[in-house]
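Structures incoming, each one as structure tokens.
Two complexes come next, and they have one chain in common, chain A, joined by chain B in the first and chain C in the second.
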Partner chain A sequence: MEEQDSETQSSGSGGEEETLKLEPEGLRHDVEDQHVLQFLDSLDGYITLMDSLSLTLRQGWLELASARHSMGASRVNSALLNLKFHSASTSLQVTRNDVDSEANEANFTLCKWASSNSGHSSAGEKFREDKLQTKHDSPDLRHRSKSQFSDETSVQSGASLVADDHVQRERSKSLSVFGTLVSPKLRAAQLSFETALEMLVEIANTRSTMLSAFNRVKKGLEDIKS
Partner chain B sequence: MANRAEIPTSNSALIAMIADEDTVVGFLLAGVGNVDLRRKTNYLIVDSKTTVKQIEDAFKEFTSRDDIAIVLISQYVANMIRFLVDSYNKPVPAILEVPSKDHPYDPGRDSVLSRVKYLFSAESVASGRR
Partner chain C sequence: MYGFEALTFNIHGGYLEAIVRGHRAGLLTAADYNNLCQCETLEDIKMHLSATEYGPYLQNEPSPLHTTTIVEKCTLKLVDEYKHMLCQATEPLSTFLEYITYGHMIDNVVLIVTGTLHERDVQELLEKCHPLGMFDSIATLAVAQNMRELYRLVLVDTPLAPYFSECITSEDLDDMNIEIMRNTLYKAYLEDFYRFCQKLGGATAEIMSDLLAFEADRRAVNITINSIGTELTRDDRRKLYSSFGLLYPYGHEELAVSEDVDQVRAVMEKYPPYQSIFSKLSYGESQMLDKAFYEEEVKRLCLAFEQQFHYGVFFAYMRLREQEIRNLMWISECVAQNQKSRVHDSVVFIF
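Moving on, here comes the complex of A and B:
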């Protein structure tokens, strides 16, 4: 009886060890499934975004062709491009996305219509900061007095107007390469290409996620083979 | 990971372009154009007179610059230097193949999708199951 009990105990303890061994295995499979899902999601996102980009670019090209038709081919061509020293009004912020120790993902953020003058604080970025500040303050606004509320909203709306003016000035500066008076189609083309730029940044981020997930899945497959 | 390249972080990185005239002009309208003191631009307009060597040189230059985060290249131009584009594997600058007016986007030729379709091949799945 005691021997049976001891055997039962030993088999019980062996079963616990097997359970403990299985748990990390099960966790590993869950993590691998998660990587595969992330890879497939980002792949789907990448292909969908490329389709949307194609549509947006097609619209932009059509608008550009319409502008060329109305303004004349000599007024809308690459020979007029500004080759004097100037920095880009629209740039990117690149940061590293440390998801885990193995991931090496780059994260891209678009900064549209920041000042093209170096050394000045960019109103484009300022516009984003004001927007963030508005979001941060909005829950507290309810607890303040009416006069403070009206002061703050007027300051915020003033700041956003300043930012809007700056963005419009930068857009006009970009268009002025093709003359003072430009066709509305050229302005429409500018907006279409701005939208395309936003999509491209999203595509770049999706690409980064996809490649990172792909490397993790590939490593998982290699571990299984070994 | 053995071949993990470092990601250079930056607050004001540029978008470079190797594409046809309309695509470049369109994106320049969106404000991405940059000309440095040496009059070097962050774009190359590809037309019928542009040689493959010029495209290769521009690609190598843009992918080696620290101030460029994304390189846009028309897919039909990338096909001319396919070996160079496919052998590039750094995370930054990111190479994005875009369609052009006369050449729609072909997912089968995209270098990123070509790299990952290895996972969908029968060999890789079968070898994983052994």
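Moving on, here comes the complex of A and C:
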């Protein structure tokens, strides 16, 4: 019994050393699994976004054809597009995360409907903030009594109304090449292509994340081999 | 004198009425549309159309075909038929036939002016103009900076000159002014056409009054819906409505203050002929409104052929052909974009 106890003690002490040796490896496996999961998640997101983009673009092109059918070919054609010099209504900002040298991801940010003439370069960012705000608002919050959140929501709604007005004005301005009184179908086509543009940026970001995760997985595999 | 057209109409108009009724028989039927809707490619559409009157116009077109090519060639057929009728017509039928093309003339003027404002090449713009709306000095439109110059340099010698009196200003042309100019010209044209038909009297006046009134009412609805959410004021909107039609004047007053599609619907449902159109649509929807209006228009145009000895058949035929070309355009787009499930969204059967 004592021998067994001593054996167990000795095996226990050796097991502790093995446990100590196993722990860093176990952690490494956990981290590698996490990287693989991140890669697979971002890959899944990428494929889903590509499908959505394809659907949105198909819808946009059909809506454009529908607008052409409704308004006539003389009102909706490429010969009316403006060749005068004018600033872009939407711009793309690319930044790189240099904090972690292993994860050197590019980050794409879309600045929509930011007219440089009016100097509202932050209008696009404001638009994104408002959009994030609406994403975070869950349906449950809407059912709460208005008195609790009236002060907060009035400030937020005021800001979002200003942004909405600006966005609507910029949208109408870009469509004015086809005339001031355009069919709702043309406006719907514009929204579809706008959504497609947002998706493209999201796809770029997802792809960047995916490639970064892939690099981490690949590095992990190389470490295991070595 | 109404009712006695049979005594004298055939002297000058009999031949052309027979011609136009013959052309009407060549319009595509529901069976043709069913075959076209099942095509997989634009080449299949070309093959099916080769068995119709469009065959000679499409047979020499090389592959790959484009939807705009199909529309262009089909329009060419309509233009050839129109020119034949115009050169055979005597007064007042020749003036009546010319009136039918003034709408296209207005569209061409606006296209050239807008394109010039956007610094586009004039030749490129001329290629996009509708052939029925061409006139000799159309290319000179590119030099005008404002409406006064537009009128003085070019349009004073065209049939559109009388329609410019309401919109001559020295303001520089911009997108809003051009849009108002387009709609003001079209309003003046419709009213002038309406007065001309009233002067002709008889069955022509009766049938054309109905068709032009429907056109005026549909324009009013489209202007209202398209101007929702824009900078166009209520007063400016009201000024663009024609001074005749079923909606004139009380319907126009209500439409001028409408702020969304449901309010437009509430106005239109008070008029029985339009109640049936809006009953096909769900609340808040405007996507299928165009098709509903086109279907009603086609019904009225087909009825014009039920009576003889009037000029309305010429107007009806031109409009039915234009509807047919719109149908072919839509079918071609759905086939080209591989969206055949949506082909029946906008096709309006004529027979």
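The rule is simple: the second predicted complex is superposed on the first by the 156 of 226 C-alpha atoms of A that agree within 3 Å, B and C clash if a C-alpha of one lies under 4 Å from a C-alpha of the other, contacts with A are read in each partner's own complex, and residues count from 1 in each chain.
As a convention for this text, a residue touches a chain if its C-beta (ideal position, glycine included) is under 8 Å from a C-beta of that chain, and two chains touch if they have at least 3 such contacts.
Keep in mind that this is a model prediction, so the values were computed, not measured.
Aligning the two structures on chain A places chain B and chain C next to each other without any clash.
When the two complexes are overlaid on their common chain A, residue A:183 makes contact with chain C while staying clear of chain B. Contacts of A:172 after superposition on the shared chain: chain C is touched, whereas chain B is not.
Of the two partner chains, chain C is the only one that A:69 touches; chain B does not reach it.
Judged by the touch definition given at the top, the superposed model places A:77 against both chain B and chain C. If you count the residues of chain A touched by chain B and by chain C, you find the higher number for B. In the superposition on chain A, A:29 makes contact with neither chain B nor chain C.
In the superposition on chain A, A:61 makes contact with both chain B and chain C.
After the two structures are overlaid on chain A, the closest C-alpha atoms of chain B and chain C sit 5 Å apart. Residues 58, 61, 65, 77, 81-84, 177 of chain A contact both chain B in one complex and chain C in the other. Residues 58, 61-62, 65-66, 68-70, 72-75, 77, 79-84, 168, 172, 176-177, 179-185, 188 of chain A touch chain C in their complex.
Partner chain B is touched in their complex by these residues of chain A: 39, 43, 46-47, 50-51, 53-54, 57-58, 60-61, 64-65, 76-78, 81-96, 102, 104-106, 108, 111-114, 116, 170-171, 174-175, 177, 186, 189-190, 192-194, 196-197, 200-201, 203-204, 207-208, 210-211, 214-215, 217-219, 221, 224-225. Against chain A, the residues of chain B that register as touching in their complex are 1, 4-5, 7-15, 21-37, 39, 41-42, 45, 69-70, 72, 91-92, 94, 96, 98-99, 101, 104-105, 107, 110, 112-113, 115-116, 118-119, 124, 127-128, 130.
Within the complex, the chain C residues that touch chain A are 68, 71, 107-108, 110-111, 114-115, 118-120, 124-125, 127-130, 175-176, 178-179, 182-183, 222-223, 225-227, 229-232, 286-287, 290, 326, 329-330, 333-334, 337, 339, 342, 345-346.
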